[in-house]
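Two complexes come next, and they have one chain in common, chain A, joined by chain B in the first and chain C in the second.
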Partner chain A sequence: MMQTETNQNLLLSMKKKNILRELGFTPLGLGLLILVALVPLFIDNQYYLHLIVSSLMFGALAMGFDFTVGYINIVNFGYAAFMGVGGYVSALLATRLGISPWIGIFVAAAAAAVLGFLIGILTLRLRGMFAAIMAWFVGIVLMSLASNMVDLTRGQLGLNVPLLFTGSGKAPYIYTILAIVILTYIVLKRMISSKIGLAFNAIGQDLEAAETSGVNATKYKVLNFTVSCAFAGLIGGFYGHFVGILTPAVLHTRVTVEILALCYIGGRGSIWGGLLAAFLIIPIFEFLRPLMEIRLIIYGLLLVLVMIFYPGGLAQFLNQLAFYLKDLMPFKKQA
Partner chain B sequence: MDLSATGDILLSGILRGGLFVLIAMGLSLVFGVMNIPNFAHGEFYMLGAYFSYYAYAVFGLNPILAIMAAGAGGFVCGAIMERTAFRSLRVRQKTNWVMNSFLLTVGLSIVLQNSAQALVGTKFMGISQYWQGSVAIMGMNVSIDRLAGFGVAMATVLLFWIFLTKTKTGNSIRAVSEDESGAMLVGINLNRVYTLTFSIACMLAGIAGAALLSINPAYPTMGLAPLYKSWFIVILVGMGNVGGTIIGGFIVGMVEALSYYNLGAGWQDVISLLVIIIILLFKPSGLFGKDVKGVWER
Partner chain C sequence: MQENILVTKDVVKRFGGLTAVEKVSIEVKKGEVFGIIGPNGAGKTTFLNCVSGIYNPEEGEILYKGKNIKGLSSHVLCKKGIARTFQIVRSFHKMTALDNVKVAVIFGSDKDQDPNDKARELLDYVNFPLPVETLASNLNTVQLKYLELARALATDGELLLLDEVAAGLTPGELGEFIDLIKKIRDSGVTVISIEHVMKFIMTICDRIAVIHYGEKIAEGTPEEIVNNKVVIEAYLGKEHAKTN
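Now for the complex of A and B:
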């Protein structure tokens, strides 16, 4: 009797583990996310909470960016512009039509997805670098439009955006963006571990070979691009309602470069690497603020060094570490 | 549109275009020879502007010497950059070179921009003019400064073209751009050619930054606009086509002048991009592009 009960418990816990695995969470990663969720209960410093929201936001952006660059090997160099489009769409819906931000951010995601889809169709038939440059150009155009269509966006003056929550507390924002982060992670991870993800990987590694073996490369590339842009729009919508003001600077190439650096330092092709890098780098840089330019020089150097010497980034480092630790375990399974 | 307006647009388009050619040529050269889509090209333009500012306004050199100093500074910085960063990357990574080198240049661009900001601060460092006076051309006043800038650009492009087609070193650069392994077989030192190519490209960008100093004052983030304009041109004519950039530069200059005249400031990027996107829809490899498929794979 006892025996079967323990067995059942064991079975149940294994099943639980499998569900988690299937959603792409390791126990450690899940623990860290729960830790983040617990932070607002213990820390009341709004500044720290703001930092956590920023880290989660940029982490989510880096994950969406990695979905394109790490798998189909195309740098979406207009990523910040897609995010900015999402921000403006949701903000304008709220200010002009009085639509609730909770609906607005999903419309924003849809708008960014449609834009991504159209641009994808136009450029993704071409080779990787070309698509990257074209996405960058589109980003520049969108930024120009945001600063020139003053009637709509108020240009450089900035558009005032209604906040998502009344009151000055940051804790509800943490839970909202945490939910977005988890949603992003699960959707991206699910796609990658499915057959679609296999096609993405094949395309990223060798386009010619993938096409020869019957993968419709353009279709998958456009799909990937659309999904990645949708998340940029979603997070952009949240960004507007979190910060309360939107300027064309959100769409600037500088922001894309920042997301790109997080993604690469975190480790491309891992999805979670960017999130981890955001959590390490954004707070550290915030505390280094007095150093201003120096910290950005370090940022750039970090990117250069990772590119040359350690292309796997943080994710590869941690994976190797975990591998060695497993090796050191005393009760190793015998093969 | 009356005649004087046409002349106005034509002239300002040509003057703009000339300097675009100079910047875009370096970008195109680096891509054609080394397969690096250089995102840090604008930063060498910025360095050139600073070098010439210091040479002209601080050390009081003669304008021509100041521009030459900026070119030399760009050359040296480019050589250092190539020897340290790109050579290290080339030794370590053979696959996916185009994308990785692009990301490397993104990092370099952050480093250069912020180093400039840390060293000299964020204030605009400009001069009112190199040369005084203006001349009337086709009924409009053009400052000698702008003409001289254009002249410098054209002279540099001409000299560079002669170097590329007539000298042995120039020919070896062209050989590498056409066939790397073939060039190596006939005894061309690839590393030397790469360093030289990158340095020359940076020199051209530096000269452009110096020649435009009186119009665009030196500023740490000034490199972005010339960077994406030269990318417009390079994509328009087909990547790696150095000769084509001469025509492309003037086309983009003319489109910008037209949109500036008809729509006012701020819209030129939108218009030139729309033009480029429409052209590329019909001819994806660029106006004079050959099939560059092979290059993208590396």
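Now for the complex of A and C:
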């Protein structure tokens, strides 16, 4: 009796572990996420909390960006614009129609997804370069629209956006964006570890071979692009309601380049790499204020270094480290 | 008389002002090995690309099992049973050999089967020389050729298009490949093969078409082709054609 009970417990715990594995969490990654969740309980400095929200936000964007560049090998140069669209959609819904931001951010995700879908349908039949350029141009056009449709967006003056939470505490925002990060990660990882992900990988690594192996490349590329844009919209929606003001600069290519840099430094094709890179790099820039002015130059240098020495970014470095550490610990091997 | 699996009628493919394929018509019978030869730049690969859906020819018809397939894309043709390999070997380099084949099993074949088992079976069938978990980026050209064959076969194709599989093989490897192609043919798959290696052509092809400057200049059994004046002229020049 006792025996079966312990067996069952063992089975249950094993199952739990498998579920986490299936969702794509390693014990270390999960631990770090929990650590982030605990931070607001111990730290009261709103400035630090704000930094954590920023890091999580950019990390989530880098993950969404990586979903496209790291798997189907297409650089979405308009990524910030999709985020901006999400931001404006949710903000306008809240200010004009009085729709709750909690609904608004999901409408924002849908709007960005539709936009991504349309661009994808138009360009993804062709080589990846066309999608990249088209998305970039659409982004630039949208930014001009946001600047010039003053009646709607107040242009450069900035649109005041109702906040998600009343009161000045940042802690609720941390939990909200943390939930978004986890949602993003799980959805992206689940897709990647499925058959769909196999198609993405095949397309990204050799388009012609994928097509002659029966993969409907256009379909999967459009799907990938749409999902990636949806998350940009979702995070953009949150961004507006977190910062409280939206300006057309959110849609700028500069922002895309920052996301791209985080994604590449973190490691393309890893998903979590971008999140980790965001946590390292965004706080560093915050603390070294004078560097903010030249941060795009520093991003450029970091990109060059990563390309030369670690094309797989932080993710590759850490995976190799973990591999060596495992070798050093023979007792762990048996487990 | 066996039925034709593939018939092309006056296929024309142009790139701007350059006509790469000029009115090529062939008839390939079910179950045979059909060779396509010709000097470099003759338009052989372009022709094969038209058949496998990578290019859409400007003129002509391509009938596969009696139906016009001109203009359909590669992945649709793959489902219909046309598989191919590439002259410059292609692979999903960050995947294991097993996963490379699995992609084709999952997306290219309609049969209900376990992708893992089927992929292993196929790698075994083509005598893939390394462990199936080897990353494709670690394979050499010859190993990649085995992998490509396995991937092409994984789609359960009935028509296999080979683009210079025998190029760059050692005599020993060539023998293995010839045996393998024979095995594939005997399993009921029709093979169209672009090839330069004479030993391969002479031993395995039932019939051969010769393409020169985009046009088909001759067709026949290997023996007929090697004695054909026009072919000798195309390869060796007029002098040789005369003295022969």
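The definition used in the following text is that the second predicted complex is superposed on the first by the 317 of 335 C-alpha atoms of A that agree within 3 Å, B and C clash if a C-alpha of one lies under 4 Å from a C-alpha of the other, contacts with A are read in each partner's own complex, and residues count from 1 in each chain.
Just so we're on the same page, contacts are C-beta pairs under 8 Å (C-beta built on N, C-alpha and C of every residue); 3 or more make two chains touch, one makes a residue touch a chain.
What you see is a predicted model; the values in this text were computed from it and never measured.
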When the two structures are overlaid on chain A, which partner does A:161 contact: first (chain B), second (chain C), both, or neither?
neither
According to the stated criteria, A:214 is in contact with first (chain B), second (chain C), both, or neither; which is it?
second
On the A-aligned overlay, A:261 touches which partner chain: chain B = first, chain C = second, or both, or neither?
first
Please indicate which partner A:195 is in contact with in the superposed arrangement: first for chain B, second for chain C, both, or neither.
second
Just checking: does A:229 make contact with chain B only, chain C only, both, or neither of them? Give me first, second, both or neither.
neither
Please indicate which partner A:311 is in contact with in the superposed arrangement: first for chain B, second for chain C, both, or neither.
first
Is there a shared patch on chain A that both chain B and chain C touch, and which residues make it up?
208
Note: in the complex, chain A contacts chain C through residues 195, 198-199, 201-202, 205-206, 208-217, 269
Chain A partner contacts - residues on chain C that touch it in the complex:
52, 54, 73-75, 78-79, 83-84, 86, 90-95, 99, 102-104, 106-109, 151-152, 154-155
What part of chain A is in contact with chain B in the complex they form?
73, 75, 122, 125-130, 132-134, 136-138, 140-141, 144-145, 147-148, 207-208, 253, 257, 260-261, 264, 292-294, 296-297, 299-304, 307-309, 311
Which of the residues in chain B come into contact with chain A in the complex?
37, 85, 88-89, 92-93, 96, 98-100, 102-104, 106-115, 117-118, 224, 228, 231-232, 235, 239, 266-267, 269-270, 273-274, 276-277, 280-281, 284, 293, 296-297
